[in-house]
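See structure below.
Chain IDs A, B, C, D, E and F follow the sequence of writing; residue 1 opens each chain.
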Amino acid sequence: MNIFIIVSTSPWGSTLGLTALRFAEQVVSGGDAVNGIFFHEDGVYHAQAGSTNEAGVADLTSAWHHLAVSQDFPLLVCQASARRRFPGDSQVLADLNGFSEAGLAQFLEHCAAADRVVKF
Amino acid sequence: MNIFIIVSTSPWGSTLGLTALRFAEQVVSGGDAVNGIFFHEDGVYHAQAGSTNEAGVADLTSAWHHLAVSQDFPLLVCQASARRRFPGDSQVLADLNGFSEAGLAQFLEHCAAADRVVKF
Amino acid sequence: MVEKAATDLGLVIHTAPFAQRSARTQLDIALAAGVLEMSMEVFFIGPAIYQLVDGKEPHLAGLAGGMRGWKTLPQLSHIRCYAECDWVQRIDSSRLMLPIEAVSGPVMREKMGRCNRVLGF
Amino acid sequence: MVEKAATDLGLVIHTAPFAQRSARTQLDIALAAGVLEMSMEVFFIGPAIYQLVDGKEPHLAGLAGGMRGWKTLPQLSHIRCYAECDWVQRIDSSRLMLPIEAVSGPVMREKMGRCNRVLGF
Amino acid sequence: MVAEDPNACLHLVMSPLRSVLSRCLVLTRSGDQVVFLGDGVLLLVDPRFDSVALTGCQISILASDARARGIPLEQFPGEVAAVTEAALVGLVKRCPHSLSWL
Amino acid sequence: MVAEDPNACLHLVMSPLRSVLSRCLVLTRSGDQVVFLGDGVLLLVDPRFDSVALTGCQISILASDARARGIPLEQFPGEVAAVTEAALVGLVKRCPHSLSWL
């Protein structure tokens, strides 16, 4: 099965970001595929490395990047959400960490191409 | 009366930031004083100019700065909240827009010095 | 009798209209789906129905406008809207930007289950 | 009879323990107040009482630790903790890091009203 | 100039969720001031909102937030006062303590 | 390998607030899967949580989130299944639709 994952919460606002990452890892290790991750609303902060520089708390940005590269799926950052939150050129910021900006048409195409859509 | 104001919400997460600003303006125009604003949790994004570059939505950062300078009260950014959210040197970022980092002891001193504390 | 094709997209809207301040998240997704000519059923849960109330003055709270985009959706694709009876009853229907069917939870659940894809926001 | 001095700080905690993930906001304020030797009354509303439950394994959800700082507060200043009866009843008292007085809402409201300064988080 | 009310607490209800209001009610008593603002204004149009729990409290709604969200102020009974940001300053001055419920 | 259940919806409850669960219940029916995770695990220890509304649904709790928050898994009756992230993948595959309630 192809699973599309939406992440809507910031790395510090809840534990759901880590749960989404673990979920994606389990999808892959169980023999299914992730066809992309869409970072929406406060989820766009996952594209900003070093966001959670707190002792004992994992930096999810590089973990997402690592998984996406090894499994060849895209990390899509919602363009509208990012532009509302990041001053200046959010595309540059996203690029740096292996994420890319996406519009809602692209989002809906990934939803349609997946067998399941799940949101964290 | 001396009123201390806490802002805990981001400029895009709710309308409470604008309400806090209007409240502070009304305190001043009614002849009372604001002894400081404490930007806490997601409120620290108020220190980041250009956060809300959306048509029809005011950029609160410069409005806060303008009011604080004219009334001579400090814009305090919670150090722990800022370090969790801003990669790199959050002090530099805050300084740029007339905000300064503050710890919780400073926060409690401002609370104690005020006649009223109100949180948005 | 020809069997009716399933609706492409079921959109479940369950947060307050301005929960992320711009309030456009849900509308923008509906518009994007409309442009792609996807048929839609939109389910408004609780206060989400206030998305469709016309005559808002968002500038009064520093909010962006543009909510009237809901009105243009029927020109883009097939759309049906549902909301909970008790919420709809309290709103003057002349103020709603799209026709709403006031239904019960079980009816919404049934219709939702028959959509090809369901998204909740 | 000497009149008891009013408590310096009433701290009302009404959000879930990890609502801002680090869960330290409320504890950090309590610790800062303790260091300033402010006397405190802490009012736990609803699930906030889980702040004081020992034996958490925050690393399992990628959360930072440090919640045991609550235990050190009585060494810094005078502190009393209150929580709602129905929430306290469901927790094994041996798991709580500080003594809790299980009281009703009106009793909490009364005690809160007599604090010199009240802060809610 | 409003007189200070030494026993009153000002409750600022900013969430549209009834269970956040339930938490507020734990610390609310007769004579307190309750203001609905931000997304909290939607609570006043919630069909399951029960004002009985607030008996004895003065209930207000921030007019700008209500109108921004399409909530007509005329629909409220006399017990709900529509207030401006300036009036909110008056309420803060009147009550020694305030609590925000979000 | 779990069989697909074409009529089931998976509900992910991520909020500790009962009124968010109320919204979820509007679209929940017998045969659905309901998983409590994130801060939503606290709902299962809420004294006013009423599992009757979920009759006919399989209820699960994400074990790591419960233990992280100090909620002992032993305290739940047999009707609540403690699940891992891997089991959550299984539930997603089993149900054609999922809704997240935050």
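Just so we're on the same page, a contact is a pair of C-beta atoms (placed from the backbone, for glycine too) under 8 Å apart; a residue touches a chain by one contact, two chains touch by 3 or more.
As the structure is a computational prediction, the values presented were derived from the model and not from experiment.
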When each step joins two chains that touch, the fewest steps from subunit A to subunit E total 2
Computed over C-alpha atoms, the centroid farthest from that of subunit D is that of chain C
So the chain most remote from subunit E by C-alpha centre is A
Distance in whole angstrom between the CA centres of subunit A and subunit B is 30
So, in whole Å, the Cα centroid of subunit C is separated from that of subunit D by 42
Between subunit A and subunit F, the Cα-mean centres are separated in Å by 23
Expected list for subunit C, residues touching two or more other chains, is 18-20, 22, 46, 58-59, 61, 63, 117-118, 120
Where subunit A touches two or more other chains simultaneously, the residues are 12-15, 19, 54, 84, 117, 119
Flagged in subunit F as touching 2+ other chains are 39, 64-65, 68, 98, 100
Those chain pairs meeting the touch criterion are A-B, A-C, A-D, A-F, B-C, B-D, B-E, C-E, C-F, D-E, D-F, E-F
In the complex, the residues of subunit B that touch subunit D are 40-41, 80, 84, 103-105, 107-109, 111-112, 117, 119
Interface with subunit F, subunit C side, in the complex: residues 10, 12, 14, 43, 45-46, 84, 105-106, 108-109, 112-113, 115, 117-118, 120
Counting only contacts in the complex, subunit F reaches subunit E at residues 17-20, 22
As the complex stands, subunit F meets subunit C at residues 7, 9, 23, 25-29, 97-101
Listed in rising order, subunit F residues that touch subunit D in their complex are 16, 39, 42, 45-48, 64-65, 67-72
